[in-house]
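Following this line, the structures themselves.
Two complexes come next, and they have one chain in common, chain A, joined by chain B in the first and chain C in the second.
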Partner chain A sequence: MSDSKRVRVVFESRASRIALVLFALGVIALAAAPYWGGRDDLQLLAEIYAYAALASLWNLLAGYAGLVSVGQQAYVGLGAYLLFALAILLGLSPLWALPLAGIISGLVAMPVAGLVFRLRGHYFAIGTWIVAEVFRLAASQVSLLGGGSGTSLPASMIIAIAPSRALRDAVEYWVALALALTILVAIVLLLRSRYGLALKAIRDSEVAARCSGIDVMRTKVLVYIVTACGTAMVGALIFLQRLRISPDAAFSVNDWTAFVIFITVIGGIGRIEGPIIGTIIFFVLRQTLADLGTLYLMMLGLVAIAVMLTAPKGVWGLIAERFGFSVFPLERRVILDDGTARK
Partner chain B sequence: MSMPILALEKISKRFGAIVVAASIDLALDKGEALGIIGPNGAGKTTLFGIVSGTVAPDSGRVLYEGSDITRASPARRCAMGIGRSFQIPLPFTGMSVFENLVVASAFGARRREREAYQSCMDILERCGLAEKANRPAGSLTLLDRKRLELARALATDPAVLLLDEVAGGLTEYECQALVELIRALRRGGISIIWIEHVVHALVASIDRLLVLHNGAFIADGDPATVIRSPQVAEIYLGIEADA
Partner chain C sequence: MDWINVIIQGVLVGGLYAMFAAGLSLIFGVMRLVNIAHGDLIVLAAYLALVITQTLGIGPLTALLIVVPAMALIGYLLQRILLNRTLGDDLLPPLLVTFGLSVIIQNGLLTVFTADSVKLQAGAIEVDTVRLAEGIYVGVLPLLQFAVAVAVIGGLQFVFYRTALGRAFRATADDPAVAQLMGLDNRHVFALAMALSLAVVAIAGVFLAVRANFDPSQGPARLIFGFEAVIVGGLGSLWGTLAGGLILGVAQAIGAHLNPGWQILAGHIAFLIVLAVRPQGLFPKVRM
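On to the complex of A and B.
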């Protein structure tokens, strides 16, 4: 009888445990980069982490919650501007301003959600873009932060991070790695929680989800706010490393949405590993083709079209389907404690 | 008796020119099991939509334990205790059979996830799906999808269970098992409304049978009597109850 068997639920499989160990070893190697890499390496890697985090967040939003936003640059820019504002106007240390920028952006996302969630489908996408444009125009009106031409982080603030340049590079690098990892772990935990199940349920059948007690709107708003918070922190970090901010750079639809969508789609939307693979592919393409100028962008477009036609689930989608394998499994497996795993 | 657990008051609904509910009144007592039959297009499934909140009535009120829930969302109604299975199964295909129940239990019954595991497994056992707990729900056959509909509705811990054609396609043996299951649920105190074309299974499980035709109940009473009534014979030419 079932009553005598205790139910155990696991996520991991043997293969995923091995993959996780390899992933952890990779992270340790990357964490040691300040000891083996040069300044350029650190900057490139930090940029890669930032894009992996942005793409993972967009994947959560579009791939899992079905919220296809083309306006996430709103939060990249907002987070970045908040960091500069908190540092320049309030004299806060940039490393403290970073999480604070995320929290404030999450708060800002609440009324914005009230606005854009009135729109559906394409209209939602366009609405989010308009919000981002409004944010950009608003930022260019703030004369204390340089208005339309932007501003730089004062030298005193830069020194506050760490006294020497080498140490500063290392600290910023570690913050970038830690932030990307935190976002990745948070996304995995969220998707493994009841809310992750709710998102999948909504994706499969919204009517059945509602009739199973899931508040669809609340779940989606929750994801939107969490994503805004994470995106803003990444944005803050990106511009902390650049030391300079301007509305056009901070709210760039090209840099913070087009590339991010490209990464997610070619890597594999709706899978945790997709954006990570996508980021690697994107940077390999960029580092090899960047000298070609405009042609490079056209080639990115061709790659995107080719992937969408031949592998609509992205590169990781192909791998996962062929080998039934994932590094961060999200599926619960029941094991009854008489030792029999149910198929 | 006390107030009914679920009541419809003068519910009307039309889709264009087609009337699917014409001032319907209905009361379900606590612990009662009520069957609804009627020809296709009579408005049976729409009625479930109105009770579960996926279809808004044009007029009238829905009462649950005496309070007006006409404006309440489906999610809220589910959490209050109204569980529903769908005639055309709507499994969450991207997750496992077990997870289908876990999500329904976590949200519909407001259970903590870990506390839901055991009861979800028990429900799967009762519905004959335990062996397939880890299978993706999208890989199930139609019959198993119907079982999953019932199991998922049960996972929300309903006080009122709306069953929409769960017996179709079952073998005689499976049908008997379903009847046993529904009787056991009733003994557990669940009130049931069951829409079904498999009349003998229905009649064996319910207290009261209603016949819906063109958006109105044209018969209401003891199942054996209703099934033999002239109105039913008139609507269902050639259909006989062999209960």
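On to the complex of A and C.
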């Protein structure tokens, strides 16, 4: 191909580059939060990062790999319990236990995938939920970690993170920000790699993808394991900040799956930016309406249903379709040497 | 003797699980929809029965005469107004909408009835027992519940294979487009399937409410039991679903007998073993 020298394949556009610079500036401002924010601000922001990360991971699983799971709380809880087990039983520093919890959860996800992948579609969804229930019931049988009533992180472990409380808050905050960013970048890179292309092909037509030589099962299992690993690290971090764990809190289907699904769907499923927008909307609603309690949850359910029925691509889907705009473009564009771009 | 009792109790509870499962299996068979709110609808039916027995002063079994048609009507409208709009190739909309519905029902019940657990009083029948053999006694109510479960499964089997309605269900399940060409209104057929499913849910809900304490948070667990019974029994087979319910009930009873904390876990593990060894279920039948 003599033309190949004069053709470039890129992801970025001018608009996306500007957006990315703005995003980077925002991240820098957020990274400085320990210098401008109070303790409450840091905790709220860390929680926002955790939800953005959980929603991004669920989006990868459901929106890109077509694996609609309602059992991701299995890995939130598993990661959290592993962190507490490694810290309390083995005396490992929590900051080391965090990545380790992710790796072990990834390993656990392999045999679990072997089981739940026998179920398809909707049945897969409920199958993952049962796995989460098994994990929850198993955790409440572990008397070393407090059984059904749970346990707290010992003071010596808390001090091991950082000597002073202010420094500890800052360290945990930075870890939360770094983890959320790492997960976001990892997802973008994964989707831009050949696995991303494979996922897209599978989403469009599983049969056609298989005919093109894509190992559909292997690709899906890979995404499932990667997601489990990330979800577990986020879970470990959430409960490291709470300092206390119990099976019902760690494996809560409401907190770690219902909210995460609503966030992703309202923000826009199948787009990188969707979960981030969704998280912002979710927290704005929560900060203003949380006093309503159960009524707030009912409203959230109604909004999610309404979005699914009337605008299934979510808020970001509407923006992206109207303006053809993307902060983290995944589509390849071919640039010819005369400067014209083709999709 | 002890173990025989445990297994009998398990079988009797299993009938209830089979009823949870039958409604689930029915709508999946007809329109490939898994209703995540199924368990919450069971609990809703239980609360409906509670309100009716208290306001009218009638017994739970008489209340069935009102709860069953009421739930069937809710099912018809739910499908016609909301769920029909979610059906299609994409599996996310039905899953998400029924998931949202589950959250709405659960929190709605929580708002109206609080988190306190309640129970339906059935009177003297609750403590009546019959002697099956030396040392083996069975409660009249669990026995009745089991008989009703078998009757419900048998009734569904009859509707499916012996009536015009069942033929419409099977035709729509096989090929919705052709069924429509033959003059069936799919939206109506689907709504009737959901109505039938929720009629079964209503019966299951009333027996659940009489058997034990219940509260608004119990729905998801009922959904999971029903789902496990469907998969253990094998997709598409109604009698298989009954067998699946019984196996689940017996597994839970054995687990509970060994250690009270293992009851639910034992049921899940039985399910996972079946999934690992025989993923198509014990009595599979490809089409309903």
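Just so we're on the same page, the second predicted complex is superposed on the first by the 329 of 343 C-alpha atoms of A that agree within 3 Å, B and C clash if a C-alpha of one lies under 4 Å from a C-alpha of the other, contacts with A are read in each partner's own complex, and residues count from 1 in each chain.
The rule we apply is simple: contacts are C-beta pairs under 8 Å (C-beta built on N, C-alpha and C of every residue); 3 or more make two chains touch, one makes a residue touch a chain.
Keep in mind that this is a model prediction, so the values were computed, not measured.
In the superposition on chain A, contact of A:Arg322 is made with neither chain B nor chain C. Once chain A of one complex is fitted onto chain A of the other, the partner contacts of A:Arg14 are absent, as it touches neither chain B nor chain C.
In the superposed model, A:Val216 makes contact with chain B only, not with chain C. Touch criterion met: A:Val68 reaches chain C, while chain B stays clear of it. By the touch criterion stated above, A:Asp204 is placed in contact with chain B alone, chain C being left untouched.
No residue of chain A is contacted both by chain B in one complex and by chain C in the other.
Residues 52-54, 73-76, 78-79, 83-84, 86, 90-96, 98-100, 102-104, 106-110, 113, 117-118, 120-122, 125, 130-135, 152, 155-156 of chain B are the ones that touch chain A when the two sit in their complex. Within the complex formed with chain B, the chain A residues making contact are 2-3, 5-7, 9, 193-194, 197-198, 200-201, 203-205, 207-216, 331-334, 336, 341-343.
Partner chain A is touched in their complex by these residues of chain C: 28, 32-34, 36, 82, 85-86, 91-97, 99-104, 107-108, 110-111, 220, 223-224, 227-228, 231, 261-262, 264-265, 268-269, 271-272, 275-276, 279.
Residues 62, 68, 70, 114-115, 118-119, 121-123, 125-127, 129-130, 133-134, 137-138, 140-141, 148, 253-254, 258, 261-262, 265, 269, 294-295, 297-298, 300-302, 304-305, 308-309, 312 of chain A are the ones touching chain C in the complex.
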